[in-house]
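Below: a set of structures, written as structure tokens.
Look at the two complexes coming up: subunit A is in both, with subunit B in one and subunit C in the other.
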Partner chain A sequence: MPKVTIDNITIDVEEGTTILNAARKIGGRIVPPAMCYYSKLKGSGGKCRTCLVKVAQSSAKDPRPMPKLVASCSTPVQDGMVVQNLTSPEVAEARKGIVEFLLLNHPLDCPVCDQAGECDLQDLSFGYGMEETATEDDRREFPVIDIGDKIKLHMNRCILCYRCVYVADQLTDKRLHGILYRGDVSEISTFIGNAVTNDFSGNMIDVCPVGALTDKTARFKSRVWFLKPMDAHRACGKCPGKVAIWMFGNEIYRVTGRKDQFGEVEEFICNECRFEKKEPGDWVIEGPRHIKRQSVISANHYEEMKKQSIIDPIAGEMNKQE
Partner chain B sequence: MKSLTNRSKVVSNKQMTFWERIYFPAILNGMRITFGHLFRRKATVQYPEATREFSDIYRGKHVLKRDDEGRERCTSCGLCAVACPAEAITMVSAERKPGEEHLYREEKYAAVYEINMLRCIFCGDCEEACPKEAIFLTKELVKSEYQREKFIYGKDELVESPDPAKRVDVSKRQTKEVLEFKKDKRYKHNK
Partner chain C sequence: MDGKILLANIDIPGIRGFDVYRTHGGYAAVEKALRHLSVQEVIAEVNRSGLRGRGGAGFPTGLKWSFLDRKTDKPRYLVCNADESEPGTFKDRYLMHHLPHLLIEGLIISSYALGVNTCYIYIRGEFKYMVGILENAIREARQHGFLGERILGTDFSLEIYVHPGAGAYICGEETALLESLEGKRGNPRIKPPFPAFKGLYGCPTVVNNVETLATVGPIISMGGEAYSKIGRGKSTGTKLISACGNINKPGVYEIEMGLPVEDFIYSPGYCGGISGNKYLKAVIPGGSSVPILPADLILNTARGEKRLMTYESLADGDFETGTMLGSGGFIVYDEDACIVRNTWNLTRFYHHESCGQCSPCREGTGWMEKILYRIEHGQGKMSDIDLLVRVAKNIEGHTICPLGDAAAWPVASAIRHFRKEFEDHVLHPAEVLSKERSLLKVF
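Take a look at the complex of A and B:
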């Protein structure tokens, strides 16, 4: 099994694993951010360059560094490879440039956008971005359109990661939307205004890293940080039925897939669960979802307290001595 | 044990002297201090006939601003509500319909916006948080009322009048940097 070293941490991984997945196996802060790669969508990745890393040593046989930074989501590891992510100033610099490019056409409308608070691009620009933009050109502008009666498309916000296209391709039986045109004028569109109606199309809302595709049934209802995310499930014939519901008091405002630590849904859910089951009686509620302390959503969010507090073992020791 | 701070006093039970026992000098001294105060400047004013001068950045009642064209600036982003330490702000958002562009600046607006003035501690965190230059505190005071419900101010109390003569000037509350930034027409915010 190839041995790879990422930011001075060595790990053995399967043949053919990408650098990104090897880093995810190690976990923690050394995992490069990814805006277009989605482990559950075949063929995704390689579009956004957010995941660039430096390969300081190509392999045990060939100790030369790779001449350029490589996209970690689509570069397989080789035995003896040495990778730098956080430890390389070059990578930090490059990522700053990438964020600037991703924001070239992205409007600054987080106050309006329903994705704000759980948006990968927000996190990324907070971590790596600059305050200023270097360009003077106007951003691209598109009208806001409905694709189907349940999904809103804000093409202004799209970063062309292609994830939604892979969802349409791989999850739904009939692909109805894709990317039209090329380069600076490319845009997501449905086939001549066709509605996207099949059972799993709602998942494109979850995979979209920005607020380009949003849930119309929850549109402008509240901001994510005022809602309480709960794990819930129901018996569903079409999908596993394991979801996160977002509650305001006793009302369910929104249903989404359960996102893991890398922002990917654990299981894709069907449109019936996502859009139609908004009564608390429809769901068996398991309890509050775990939200990272750093997230704005964790404000006023209480999870079950650990039974054993941190001082319990110490108290035990002290009792013994008496 | 010796005191660490050296501030402790040892209590003594000493006898008063003759002068201390007749009390007269102490009473005279007390009266001198009292009369002395009659001729000092007063610390109070006769409100409401007289009012104090307010600082330009006094934090009183809030105003929800309109932009130069009279459109409401607030986009119901909820940042003021999440910043508010007193949980005084609530709002309900709505989507702007075609034809309402002259009323609301953004696609989303606050259909209901309420501040509970009894909860508010006038800290100004809401105006600090607002990305749209929509909410500001003003020099105006919150009026007294007989019913608690009257202190929940809705949009009717908060949004400023579209009449240009009645606009609330908040430029003195903004830093030099902000005023400078507002001249930069590259940003949509300033258009």
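Take a look at the complex of A and C:
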């Protein structure tokens, strides 16, 4: 089995594992951020370039470094490979540049965006971005459109990760939407206004790393951090039926897939579960869902948690003050 | 020049047709290769010739061929990259237009060497008129038994298809070309896997430039050894250079590698000097994406040696004081040319042609264009110049395909060598804008 060293931590992984997945196996802060890679979608990754890392040594046989930074999500490890992520200033600089590019045309409308609080781009900007913008130009604008009767598309917020296109390709029987045009005017859209009605199309919302695709049955109802995520299940003929329901009091505001610490759903769910089952009686509630990611959602104390484990860097500061 | 190899017969009337081409020694190389040489011998000749890819990267052709996966039982493909869209480069168009059979000949021999039975010519959408020329040449070659089943009575069969693209620069990148050829959106693929293992329809594929493949025929005729004696050092043979800009005689020239740049610009046999008796200001020697060099650095290297038309000499001094031979799109600027305006024009091109797949190129190319538009139109700030350098640096090397690099290099090099001109645009906009400036007064 190949042995790979990432930020001075060595681990054995399966043949053909990518650098990103090897880092995820180690876990913690050394995991490069990924905006477009989605382990459950074949062919995804390589596009956003936020997961760029430096390969200081290609393999045990060939100790030369790779000439360019590589996308960790699409580069397989080799035995004896030495990778630098946090330990490389070059990577930090490049990632800062990438975040700047991703935010260049992003409207930064977090105050009115439903994704705020569980947005990958928000986390990324907080972690790696700059405090002020260098651009003074107008941002590109698209009209807000409906993709089907349940999904709203804010193309302005899209970072073109292609994840929703892969969902349509791989989960639904017929893809009705895709990328139109090219360059910085390319947009996600349906073919001449066709509605996306497939049973699994709702998963586009879950895979969207930003607030470009939102659930029309839940949007503008509440900020995510005021809701209590609960694990729940039901007997569903189409999907496994294991979901996270987001409750306010005894009301179910929205239903999503269960997302892991890397923001990926454990299992895709069907549109019936997602959009139509909004009564507590529809579900068998298992208990509060533990949000593993450092997230503002956890700050609401819906679950007994130590402060320490919620937001590590800040918790340290808070303890000192107390 | 006497030592013309590719364009030796170009002035003969009717050379585009099969009969005239045949009477002037055409298809002799195919007969020699198929009748008298084994596959290994053909490859050995190409290796010995030292032929390097003429599309821009200059990668040794024999080495590229050796990567082709021959172990699988899948079919193998040869794809001829005729998607010549780089601003300033028009050598392949000239070659295909006048000597289509030279390309067909090269394709047959290369396919024979690679064990390929299906070959595609992916041609740029704007070259629509060329499709007829090439298909006519293919039909003629088939009528005379050089294409189709069991060519010249051997076991080797080959079909060539011409496939026009839809006019996207990005489809000149080999994996985007393959995607487009498969009928998909022309987005570059993430490498690895390389086309030599998983190319067209997931099968092993070699993608070569038109000029590279056209050179294979003459190499077989004259022998790899003889070919390698032409040129200088590792830059063997001849190269087609498409010269344009402020020169007296723009056009396509075949030069022997190692010709001094100065001779190329000023000798009456080639560019014939700068038009209007003006001074030389700058040159982009290899198509719009290679770094621009000011007059003193293009004529002589930083070490004081004469700059030659070879891969090595033009790259001498790396990007600090050097550039690249690239695809041979030789663009000359005279003293009145505005570097800022030209750089802006180039960024407009790369902005328009970015596929939008990966973020640095999608967002960065447009941003650079906007900043350069501001500077060029007298609304720039001093900080904009440094911002441009930073944006170019953030794009370079961080993208899926080389288009990001191609967009970043012209900007970075223009500021590196002509920073003062950018500063003048910022400091004295009224003065700069009122001046007569050559090139591009359309907008």
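Rule of thumb we're sticking to: the second predicted complex is superposed on the first by the 299 of 322 C-alpha atoms of A that agree within 3 Å, B and C clash if a C-alpha of one lies under 4 Å from a C-alpha of the other, contacts with A are read in each partner's own complex, and residues count from 1 in each chain.
To be clear about the criterion, contacts are C-beta pairs under 8 Å (C-beta built on N, C-alpha and C of every residue); 3 or more make two chains touch, one makes a residue touch a chain.
The shown structure was predicted, so the numbers you read here are calculated from the model rather than taken from an experiment.
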{"item": "When subunit B and subunit C are modelled together on subunit A, clash or fit", "value": "fit"}
{"item": "Comparison of subunit B and subunit C by subunit A residues contacted", "value": "C"}
{"item": "Which superposed partner A:G45 touches (first subunit B, second subunit C, both, neither)", "value": "second"}
{"item": "Touched partner set for A:S74, first subunit B, second subunit C, both or neither", "value": "second"}
{"item": "Touched partner set for A:P111, first subunit B, second subunit C, both or neither", "value": "first"}
{"item": "Partner chain(s) touched by A:V144 [first = subunit B, second = subunit C, both, neither]", "value": "first"}
{"item": "Contacts of A:R223 with subunit B and subunit C, given as first, second, both or neither", "value": "first"}
{"item": "Least C-alpha distance (whole Å) that remains between subunit C and subunit B when both complexes are overlaid", "value": "14"}
{"item": "Subunit C-contacting residues of subunit A that also contact subunit B", "value": "none"}
{"item": "Of subunit C, residues touching subunit A in the complex", "value": "168, 170, 185, 190, 192, 351-360, 362-367, 370, 387, 390-391, 393-394, 397-400"}
{"item": "Residues of subunit A defined as touching subunit B within the complex", "value": "107-112, 116, 136, 144, 219-223, 225-226, 296, 299"}
{"item": "Contacting residues of subunit B [partner subunit A, same complex]", "value": "75-79, 81-82, 93-95, 106-108, 131-132, 186-189"}
{"item": "Complex contact set, residues of subunit A against subunit C", "value": "45-49, 52, 68-69, 71, 74, 76, 94, 97-98, 100-102, 104-105, 134-135, 137, 159-160, 162, 179, 181-186"}
